[in-house]
Amino acid sequence: MMDEILDRVQKGTLSVAEAKEKLATYENLGFAKVDHHRKKRQGFPEVVYGEGKTKEQILSIIEAIRSNGNDVLVTRISKEKAEHALTEFPEFLYNETAQILSWKDESKVDDSFQGYIAIVCAGTSDLRVAEEAAITAEALGCNVRRFYDVGVAGIHRLLDNIEEIRQATVSVVVAGMEGALPSVVGGLVSHPIIAVPTSIGYGANFNGLSALLTMLNSCASGISVVNIDNGFGGAYNAALINNIAKGARKQ
Amino acid sequence: MMDEILDRVQKGTLSVAEAKEKLATYENLGFAKVDHHRKKRQGFPEVVYGEGKTKEQILSIIEAIRSNGNDVLVTRISKEKAEHALTEFPEFLYNETAQILSWKDESKVDDSFQGYIAIVCAGTSDLRVAEEAAITAEALGCNVRRFYDVGVAGIHRLLDNIEEIRQATVSVVVAGMEGALPSVVGGLVSHPIIAVPTSIGYGANFNGLSALLTMLNSCASGISVVNIDNGFGGAYNAALINNIAKGARKQ
Amino acid sequence: MMDEILDRVQKGTLSVAEAKEKLATYENLGFAKVDHHRKKRQGFPEVVYGEGKTKEQILSIIEAIRSNGNDVLVTRISKEKAEHALTEFPEFLYNETAQILSWKDESKVDDSFQGYIAIVCAGTSDLRVAEEAAITAEALGCNVRRFYDVGVAGIHRLLDNIEEIRQATVSVVVAGMEGALPSVVGGLVSHPIIAVPTSIGYGANFNGLSALLTMLNSCASGISVVNIDNGFGGAYNAALINNIAKGARKQ
Amino acid sequence: MMDEILDRVQKGTLSVAEAKEKLATYENLGFAKVDHHRKKRQGFPEVVYGEGKTKEQILSIIEAIRSNGNDVLVTRISKEKAEHALTEFPEFLYNETAQILSWKDESKVDDSFQGYIAIVCAGTSDLRVAEEAAITAEALGCNVRRFYDVGVAGIHRLLDNIEEIRQATVSVVVAGMEGALPSVVGGLVSHPIIAVPTSIGYGANFNGLSALLTMLNSCASGISVVNIDNGFGGAYNAALINNIAKGARKQ
Amino acid sequence: MMDEILDRVQKGTLSVAEAKEKLATYENLGFAKVDHHRKKRQGFPEVVYGEGKTKEQILSIIEAIRSNGNDVLVTRISKEKAEHALTEFPEFLYNETAQILSWKDESKVDDSFQGYIAIVCAGTSDLRVAEEAAITAEALGCNVRRFYDVGVAGIHRLLDNIEEIRQATVSVVVAGMEGALPSVVGGLVSHPIIAVPTSIGYGANFNGLSALLTMLNSCASGISVVNIDNGFGGAYNAALINNIAKGARKQ
Amino acid sequence: MMDEILDRVQKGTLSVAEAKEKLATYENLGFAKVDHHRKKRQGFPEVVYGEGKTKEQILSIIEAIRSNGNDVLVTRISKEKAEHALTEFPEFLYNETAQILSWKDESKVDDSFQGYIAIVCAGTSDLRVAEEAAITAEALGCNVRRFYDVGVAGIHRLLDNIEEIRQATVSVVVAGMEGALPSVVGGLVSHPIIAVPTSIGYGANFNGLSALLTMLNSCASGISVVNIDNGFGGAYNAALINNIAKGARKQ
Amino acid sequence: MMDEILDRVQKGTLSVAEAKEKLATYENLGFAKVDHHRKKRQGFPEVVYGEGKTKEQILSIIEAIRSNGNDVLVTRISKEKAEHALTEFPEFLYNETAQILSWKDESKVDDSFQGYIAIVCAGTSDLRVAEEAAITAEALGCNVRRFYDVGVAGIHRLLDNIEEIRQATVSVVVAGMEGALPSVVGGLVSHPIIAVPTSIGYGANFNGLSALLTMLNSCASGISVVNIDNGFGGAYNAALINNIAKGARKQ
Amino acid sequence: MMDEILDRVQKGTLSVAEAKEKLATYENLGFAKVDHHRKKRQGFPEVVYGEGKTKEQILSIIEAIRSNGNDVLVTRISKEKAEHALTEFPEFLYNETAQILSWKDESKVDDSFQGYIAIVCAGTSDLRVAEEAAITAEALGCNVRRFYDVGVAGIHRLLDNIEEIRQATVSVVVAGMEGALPSVVGGLVSHPIIAVPTSIGYGANFNGLSALLTMLNSCASGISVVNIDNGFGGAYNAALINNIAKGARKQ
């Protein structure tokens, strides 16, 4: 890219100002620099991490995104902050379990791709993280199928659903406590697994450390791991892989 | 017990010296006090932890035990130290994988009990610990069946053997790396499970911490845990339970 | 089991639907899959972990269990959630210290077995965990005897009760702070000990890590450990062993 | 799958023995159960983890794999053990840096796919892990391009190569010490990144913990993480994604 | 100094009382001993750490400082405590983001020095710490330029500002989550960098441990680190270096 | 002791009931067993740890102690709980900073001993712990001198007081943050030092771990350490040593 | 002291050079500064920490000490290094278990004091540390009685010796693994206990962390702790207390 | 810089190739990319980290550096590897304690600057790290003064040297064990302190973690910290500050 930009600048087909703009792909809101760059290439909406931002800041960022005509995805946003945004953008959807606010230009959605992401979840307490993953994946344009409460302590519940999980393009496997589910799923499917440890548990789970270590040390191949409770990250990785399956990624 | 001893002392049916002896149930070798007390009640051999003792010390302790006519079990004993003892006690058995030296008065063995302990082991690298458990359990008078290399990454290997594991009185489940095996077995059987984490693995397994935490946080009920690599401890607990099944424990 | 099921399907004595049902032993409530499988074999009530579930969810699960005619045990349930369930099931018992809601078909209780579980507890602050263990064990059909406030700093308090503890089938030993009690009890009895570390303490106890490590490293044999504050787990393991003593477990 | 098998057993188109075999997809060598199942579906060679196995055990496993006509990949195998195998299989390749022994039926290799995996590596000390990833990916049938010594302390070295990295289907990014490289690469590309922390460093890197935490906490999306020094795991995940890109995965 | 004091005492040019006072450079408020010593030499205001002190204590300390005619800097002071002080000292400035209350005798400010400190900050959530650093540095008499929201996930945002950062005398680089920013900046500038990890993040960031380890293990030279969230400490170190640049430090 | 008791029982000079009572030195309140044993020998009051006990439980224990005519010391007791006790025992003293409620029979106090304990404290934030130590020591009958806010960052403040500290029988040195004060004091005095780390600090102090490790690793001899924030424990150890100095300990 | 020195300087009764010397109480060997100050006040020999010093350095330091006519105590010195010193000082004593080399001017020993230090030790593996404590205490002029292999798993072994332990002035209690011994001893005696955790154990003992935490969290009062394996430190603290009992410490 | 380069390319005063070269400031040796960029600006020699590189690799890198006419500094290089390089470059200097090989064009050395760096070191065991710092600082063109064995346990040794330390431009303070020295020095001087924790110690020092935490939590201002044992890093930071003092850095 640098070569090309320098070339075009020398040939005069690109002004210095334009050259600079090609590298400066974000909008400066003062308190934040909104990045319009990466998302465009992938057909992904802009993603805003809501935690630690005021409802006013979130609204400003949303307005900046919408004025660019882009889709919107706000994660870790409380009901109260979401309602502040919904007043101005009533067409947005808010999922309280997942704590996600989102909007998508449905007219541009291409639903010809049949592949899907399996969101596999060990226990009912892990639901918040699993739904963060599921809603995120949907917002990123993926088909999603949910397989909840299929933890390893009752292995038959998992085996009953394993064929449908096997057909997925990629799985996001969410588990707290001992976090053994990805290892078992990993031994039964042949697609990539994104493992998401959760902080669910008590005592020696040390706020998710136990599940995290379990997943990193899995004796099953084909498992990679994201941060504790990072349902969004799990889904984002899965969506990138889903995109590859779509064949949509053409440089 | 205290009541009874005091009573008998007062009544004169027990001398002060005898009363003291009832509490002093060990033999003082100078560098160690050999305890003859607890073992007798359970029909268990005396157990010697070999690590950190010289071959001379081990031999002295063995001689003290044998002169009491008791069975012998030495764990964590290297081949070299074992050979030193075998010169004097050639009838002893040494298992190099398990690093155990043992001797049992076969004439006193009662093999009428059909129940058995299942030693279930995740990977070939965990073999040393699994064998320490298996040989220990046998030395403590238990029937043992081995189920090795049935880790969760290939769940069918476990399912193929699950019926025979289910029939056991108690299982000792040995696993390193992510240590998920006890959780899966725990969901499939209805007897107690003693989980033994091993230090096998690398990186974020932190020398067995990963497997240990997994087992402590297991979402399956009926699992209790011993120290990392403590195959002996796993078997000892199982043997106590096996004794209960035998109905042999009568105070 | 698999052999038998396949055999019977081939012979036509078992329909495919029935075969599937044999493996599908849970009821799907949407947000949770209630497992009716394991409990039946052991005569144990269904166990519900109340923490992180809404009072409505808990009530739904209880109704599902009761409609199967099964006994009920809900742990870690707050007073407020319990009262919600008690409105519909006024015959249930709620123990506030133990945070347990339970119900048992008394007509089916077989109290011919004389053996008991000793619940041994170091300090008054560990009471909640000890009572969780005691009430759980009783709900699982065991006789229980309590030995509270017998911590190692006043060893005479323990020695005074040791004979009665010795007569138990199995002990659940609960301790926080330095967690030394199981080691001392372990040296004085000859039955299995389930050690339960608690998070009671401050500073370098690191929320129970200190007691947990103490118990895992115990120099006394015959001790296995469950998660920090896991009184339920301690009692469940003990109840499995108690069942073996009852001779009730017949495959 | 279970439905189908049961159905076919009932219809008599599948014998009980065949039904069992469908679930028993491994070969029992006594000390190990070789799994032929998963690999077949993906066109991947059998993978053997060499560490902790004797040269005799490794050779036995290789013979079992070769007698099935499968490709072979042995990781973490020392030069001495490799030479033992090379005596019998002189056509095998041994890469000493990567510590990998492998063999592939070149006649079956389909090299029509142009996509490649980028192996990006921070420092020269991380070479062993990076090469483990590179050789593994090649053994799994992927095209690989190496970008070494492009750590963040000299960001220009990375920027110079970024266009070629961007064109990859997926990147495996290997880094020790502070492990910041995946975050920076993640901000510059739009394909999935598998991050591999290494144990390279000293002091407060705590044997790779520092790099591991950095990667798990990355503020860049699209990054998932494997165990410390797990070059094989990084490549395996990348190869699964590569397979999706090939469109080769058809259930 | 000791030599000189002893010399002067012997020569009689310094009384014992005066000699003692030279070592006793603080004022005893009963609950605190205010140190007037070190600050004087550097032209720095007195610094008060507000956390854990009552508003009355803070006010007393401020009065002691002001009665010495010194400048004032109170860090980690809540709005409520600050308002208590502002009632008496309405001329003081309170910055709520930075949680700093300060006052400076503007008549003594020497603004002839053109050098400046760059405060570089990764994300908007790190703002509190960055502002603590910026306001502190200004209170200590330094010129400050802010470069916010230039985290490594969007490296172009940093590169766009790098020339101005390079011109600084010293940089304070603030980052949470993976904390990679100092490493990247360190590779692009040739002045000292004081790295400040923040506790921003979740899960495996362990309250800032992740960022702290990243910075300590940085492969870039010229980086030293202060405590998590210690914006004040970062700025204080930078101000000492700034003083050296001013050539103002003459013993 | 056992010898003697058995002897006297045999000789009939001690009844079985009396013999038992000699070992049963506590009073059973149901929820707690109050120990009257140890304290008597040392002339120390009974000590009650108030945290985690209800105000009713505390009052019951106090009544039991007072009915034995013993002195009372309740630590970690909130103002509200203390006021509940003060209603019944208005003559008791409550120190809110130290969170201690106590009562002493002044008529029995022997103040002929001139030795004192030095309570040395690094910062004003450590005051609560220092006062817990000081009030405890006084309640245990010791003379106390306080040396507060003499942390190592202003070493002259310490040196100014060092002569008076040197004259103490024993020092209790309280410090948070980096906890370096005991090392420095240890190099300047020749009596035993009990070091008390506090949880004061933030970030990488990890709730007192930093100060604790510093004190355990002190390169100065003559320092031993108690738990984080355990001002009571520091004072108790010091009081035992003080008793030795008094020459009051006569078995 | 400062007052007095300044006073005497002013009065001319002390020269500046002498004043300086009073503060400079060490001898500069180039690679080390030998401190003659503190020891003199306590009648203790000079202590040299042998680990990490060459045999030549150790010899030089010994010569410096001996030329001052002082007693010598070298800890953590290997047999080989000790033999190097013994060639020149054949009258020195070397204890190989304790790894201590020492020499004492027997003519100055005052053995009129009858009090003794109890060295209590849990297991035979802790012997090295216990002997380091015992030999150190003797070198520091104390009477020592050893109580070895009295760990809590066989509580009767401890109870048998408890009366003699109770008579000691102070106890040094050494224990590895779970480290529970000091808690139990602490509940049975009324003098100060210095607890010494050892690194003996494996797995979850984490090189002594387990025993260390146990001792810090002890529910028994009167226990303070030194570093892992620090037998010397335990004895040094005990000797300071012993000195107080001797009444020998007169400022 | 980017502006200027783009400008010049457009104006034709800079060719595309030249523009690229301006960003590509390193030399590609295959296994390593030698960076000539940063060093030039500061007059520093090229720095090579010797650990984990073969003697052949080190020699190649040295040759590349020398052929550019630059000064050389190789850290963490063993005697054997150094001797390999010395054969070809006999004029190089090797310091075995510091494990540093270096060469400097003495003709270019400007020794007109009188300021110096103080290297302050707590104990003789920390010598290797202190010397790594000292030799590095000298190789980077700084004047150095050494203050060794002045640990806090003998505070007079430090006070004796404090005046000369105070005169330094910047201090590098090296300490292991409890690492308290920087706090004390920090309270006595008014220039920046770079604190270097070492791994010297045992037990609860956890390989330097103790000293690291102490320094990060220092209550003295003006202290920043580098990695454990990172004497080089400490000196490098100090040299950057020294450069500022020289006034040599002119943008």
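Read from first to last, the chains carry the letters A, B, C, D, E, F, G and H; within each, the first residue is number 1.
Everything that follows uses one rule, which is that contacts are C-beta pairs under 8 Å (C-beta built on N, C-alpha and C of every residue); 3 or more make two chains touch, one makes a residue touch a chain.
Note that the coordinates shown come from a computational prediction; the quantities given were computed from them, not determined experimentally.
In summary, the chains found to touch both chain D and chain H are A, E. Think of each touching pair as a link: the shortest run of links from chain C to chain G has 1 of them.
Farthest chain from chain E (centres taken as the mean of C-alpha atoms): B. Inter-chain spacing, taken between the CA centroids of chain B and chain D, is 39 Å. Mean C-alpha positions place chain B and chain E at a centre distance of 60 Å. Distance between chain A and chain B, defined via averaged C-alpha coordinates, is recorded as 48 Å.
Within chain A, contacts with two or more other chains are made by residues 2-3, 23, 154, 159-160, 187, 203-205, 209, 212, 216-217, 221, 227-228.
Here the touching chains pair up as A-B, A-C, A-D, A-E, A-H, B-C, B-D, B-F, B-G, C-D, C-F, C-G, D-E, D-H, E-F, E-G, E-H, F-G, F-H, G-H.
The part of chain E that touches chain F in the complex is made up of residues 20, 23-26, 31-33, 35, 37, 51-53, 57, 197, 199, 207-209, 212, 227-230.
Residues of chain A touching chain D in their complex: 1-3, 38, 41-42, 47, 159-160, 162-163, 166-167, 169-170, 187, 190-192, 194, 212, 216-217, 221-228, 232-234, 236-237, 240-241, 244-245, 247, 249, 251. Residues 124-125, 127, 148-150, 154, 156-157, 159-160, 200, 202-205 of chain B touch chain D in their complex. Per the touch definition, chain H reaches chain A in the complex via residues 2-3, 6-7, 9-10, 12, 16, 19-20, 23. In the complex of the two chains, the chain A residues touching chain B come out as 122-123, 151-155, 177-180, 183-184, 186-188, 201, 203-206, 209-211, 213-221.
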